[in-house]
C-alpha cells in the first residue's frame, strides 16, 4: 500500500547460529521468504531485552549477507559489535531463540547498470554489508577493490569467503596490528588520481564517510555512503535520525536517514551542518 | 552489627533444578553456608528480569525447605506460582543460571519448647514452608496435623516426602477436584472444640489467615500466621508492607510485615483495619 | 472475533471514530509510513505531527536518547509548513479512508488562529488538536500551556475561527503545578476536549562528552516511564470536569495500559513511543483492549470511560 | 583501591561528608536496617525518613505499585514523631559514627519551626533537610513546595531557629511549572542548599478492582523512570544558581547515574529506590562512581560538580 519500505515486514526470526568473530558476533537468522526482498545496504530493526525490558526502542543493524537456503528458507547474517546493553543482549542470545525483527528497511546501495570500477570502503563492522554488495557488483561485471579499516585487528571483519568476492583487499589498522598501519582513507587520494575508481561504496563511522566525501568532491566519482545516525523508530515516523542534505537550489533539507537512507549520495550531504541547525527554511 | 535480619546476606545463587509441580515451579538454589541460618518462616528476596529489566523491585518468596548437602553446601527450595512478569521470569530460568538473592529475611515461626499439638494450615503455595516446619516440630516431639487447601487440585502443593513429616494430612479444594470439597478452614472449628490443638501455624491468603484468627479468638490456642503484604524492599526500609497490630494498651501500630513478620501472632493483628487507617496515634 | 460483540467506537466532542486507539502526534509522521504495516482504517484516527505555519528544520541532532522504559526527544517541530501539509499529506490520508486529526502548533496566538483558518478550509478532517504544550520550541520560557492566560488566549483565537464544525482538542503539558487549572482555562476558552499528556521535560548528560546529550539540551520524556503521570493527570482532570472528553496518551504499549487510561477517564487513547518499538503496536493494542473489556463485561468503550471514579465522594 | 587516589569527600554548605553518596529520605528508615548490609561510615550520610512532630500512622495499604523502571509509593509519612526519633534513632546512628542528615516535614509553618528547634537541641547532626514537597500528606492542595510564598515561609521559619550551625537543605518537588523560581524563593528565605528532586505525582489503576490501586489514590513516582526529570531539574537550578549546593536524587542506581547528576550540578547524591532492589546499592554506586571519575581524569568530586555547564553561554 505504501511506497515507503514497501517490502518491510515484522517477523519472529529464529537464531540459526551465533559465533564470535574477533570483536564481533556473527549472527545468522532464519527469515524465510523475506530473504528474497533484502538488498545490500538495507538494515534490520531488532527488538531487544525481552518481555520485561526497559529498552523501548529497536536497534538497527546492517544486513551483512543474505543466503537463500532450500528447505529452511533464506537466512540473514548480521555482524554485531557488543556496544551497550541492547547489542550485548543480542550477542548473548543463543541458537534457537526467537527474536522480533522488522526488515528490510531503508534505501539499499544503488547498483550500476554498466560494469564499472567500484571501490568498497569499510570501517569496523561497516565492512559487513560490503561483501554481499561485492558479490552483486561482480555478478554485474564490475571490478571490485576493497579497503577495510579499524582501530585494531580484532575489529577488522573480513571473512574468508567474503574476500573472494573482491578483486583486491587491503586492510588498515590504526595501531598497525593487522594489515598496513594508518587510516583506511589514506590510499584513496592516489586511487582517485589514477582514475582507477568510478564509484565508491562506503560504510563506517561518520567521520570516515565525511573524509571520503571530501576526497571525491569536485571529481566525477560517485560516492554512495551508508550513514549511521541514532534512530528511534527506523521506519520514518519519529524524525530523530535526520541529516542535512543539499537540494538542487542549494537549500538544505533535513532528511530521515532511515527512509531516505541509510545509503545516501555523499556529495549531497552537508557534512559541515551535521549536528547543527541549517539556515532557516525559505518558503 | 544490626539486630534486624542479622543473618541476611546478598549472594548469587545457582539454580540446581527447576521443575513444574502442578501449577507451581519447584526451584532449588545452591546457597552454601547460608543454609545453616535459614529457619522455617523466613523468606528470600529475589532480583528479577536480568540486567536491563524494567522491574526495579525484588520479589519475595517463602523458603520452602532447606537441605544441607555435603560437597556442594546447602540448598534452598522455593515453590513459585507464575503470577506476573517477575515470578514468570523466575520460573523460566534454567538450571545453571545464577540469580541474585537476599536471605534469610524476616521473623521465622516460633518453635515451642514443649511437645504440643500443632495444626498446620496452608493455602495454595502457602503450604510450601509448612513441610520444613513440620519436620522441626516433629523433632521436638510435637504432634503435627496438616490441612491444605486451594481453589483447585493443581494448586495443592503436597510433595510425597513432605507428607511424611505430618501425622495426618487432609486436603480441601473449592472445586472438589482433590481431597474434600470446601474451604480448608471448615474443619478447624471442630478441631478446636475437641481441644485437639495447642498451636496453629498458617500460611496462605490473608482472608484465610483472618478466618483462622476469628476461629481462635477467645480460645487459648496460639495462632502464628505468615502474612503476605506487598513489599517494595523486604528489609524494613520502605514502610510499604505495614499491617495494623494491636498493642497491649489496645492502641494500634502499623508494623512492617517484612521485619516484624512475616510470621505474626494472628490474635494481635487488627484484621478489620487492614487496608484502612487506624484511629489517630495518641501521644 | 472479539470486535463483533463489543462496540469499540468512540467520540470526542461531535467527532465519531470507529475505534479507540489513535496515533500520537509526532509519532506517526503523516501516516504514510505506518500504512506499510497496517490498514489505517482499522484504527481510531491518525493524529498528524504538529504542523506550524512555515516549514521548519527543527533542532540539531542528536535528537533522541533512550532512558529507562522511555526516551527523550528533541525534534523541535521539524515540518513542511501548513500549506504543503494540507495540500499533500491530508488528501493522501483521506483518500485512503483514514480518519484524520490535524495537530497544529504556533509561536504566537495569531499563528494558532491562522493555522485554524487554513485547516477549516479543508473538508474531511475529523478534529483539530491544538498543541499548546510542546516543550521543544525555541522559546522555552513561553510554553503556552504553562499559564492559564496564554493557554486560554491560544484556544480562544482558534475558537473564534472554528465555530463547532469540528472539535477543538487542547493538548496540555504535565509540567505544571496544577493541570486541572490549565484544563479549566482552555475549556472556558472554548476547547471541546483535552489531549493529556504531552511529554515531560527531561535531560540526559552524555558521559563521554560530559555535556547535555541532546542537540536541544532538554527533551521530552515519553514511553512507559511516564504512564503513571498520564494516568494521574487524566484522573485529576476527569474528576474535575467529567463531561469534557479526553484523548489520553503517555506510555501506552499494551491493551492493559490503554484500559488504565480509559478507566481513569480517557475516551480515546493515542499511542506514540510504542509504535517506535513495534510498528504494529496500535492494532495489537486495540485487539488486546477489546479482549480485556469483554473479560470485564463491558459491551462498549463508553461504559468504561472514567469507570475508576464510580464510587468517588462516597 | 580507586578511593586512594581520588578525593571522594564533599560538602553541602558548611557540612563536610566523607563520601558523595547518601541514603534518600524515606528509603533507609532510620539507618539501622541497612547496617546489616554495609558499614554506615562508608557512605556520605544517612538521610533519615522525614519526621513530623507527632507520631503518624500514614496512609492505608496498598502503599506501593511497581511501574516500568519505577515505583509509586504512598506512605503518608508514617513515623514515631520527632521526640521519639531524636531520643532513639539519632543517638544510635551517631554512636556508630554515621553522618546524619535529619529530614523534617510539617503541616504548618509553625510545625517546621518547632521541629527545627528540637533538632537544633541535639548535637552531632550534620544537616537539616526540610521536606517541603512530600505529595503524600493528607492535605494535598497545600503542598508547600508548589508555591513560592508558602515555600519561603516554611524555610524562613526554620532559618529563624537555625542560625548557621548546620546547613538547611530545602527539598523540592519537580511537580511545578518552574522549579528555579521555587528554588530562588527558598534560597532567598535562607536555605543553604537544595535537595532535588522529590517524587513525581503519579497513579496506577488496578485492573481487577478497576479503581486506583494505592490506598492513598495518588503516589510518588521514583526510580530510574524519573532520572531524566531529576537531571533536568538539577541542571536548570544549577544554571540559575551555580553557588547553591545541591543534593541530587531521582532514579540513581549505578555509578554512571550518580555521575550524570554530579555533572549536572549535584554536590552529593541520594539513593532511594535502588536500595530496595539492592541493599548494597549505595556502597556499590560509590565504588563505580570513583572508577568513572578516575577514568575521566578527575581527582576530586568537587571538580566534577556542574562540569556539564562548562561551555555555557558560549
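All chains are identified by letter, namely A, B, C and D, in their written order; residue positions are counted from 1 within each chain.
In this text, contacts are C-beta pairs under 8 Å (C-beta built on N, C-alpha and C of every residue); 3 or more make two chains touch, one makes a residue touch a chain.
What you see is a predicted model; the values in this text were computed from it and never measured.
The fewest steps needed to get from subunit B to subunit D, moving only between touching chains, is 1.
Under the contact definition, subunit B and subunit C share the contacting chains A, D. Across the two interfaces under comparison, A-C and A-D, the one joined by more C-beta contacts turns out to be A-C.
The most distant chain from subunit C is B, comparing centres defined as mean Cα coordinates. Spacing of subunit A relative to subunit C, judged by their CA centroids, is 35 angstrom.
Note: centroid distance subunit C to subunit D, computed from Cα atoms, is 34 Å. Centre-to-centre separation between subunit A and subunit D, using Cα means, comes to 46 Å. As a whole-number value, the distance joining the C-alpha centres of subunit A and subunit B reads 56 Å.
Shown for subunit A are the residues in touch with two or more other chains, namely 54-55.
Multi-chain contact residues of subunit D, defined as those touching 2 or more other chains: 68-70, 223-224.
Viewed as a network of touching protein chains, the structure reduces to a complete graph with every chain in contact with every other.
Listing the residues of subunit B that touch subunit A in their complex gives 48-55, 85-86, 89. Across the interface of their complex, subunit D is touched by residues 1-6, 8, 10, 47, 54-58, 100, 102, 229-230, 232-243, 252, 254, 259, 274-278, 280-281, 283 of subunit B. Subunit D contributes residues 26-29, 32-37, 39, 49, 54-64, 66, 68-71, 73, 75, 78, 81, 96, 215, 223-224, 253, 273-280 to its touches with subunit B in the complex. On the side of subunit D, the complex with subunit A involves touching residues 68-69, 224. For subunit B in complex with subunit C, the touching residues are 54.
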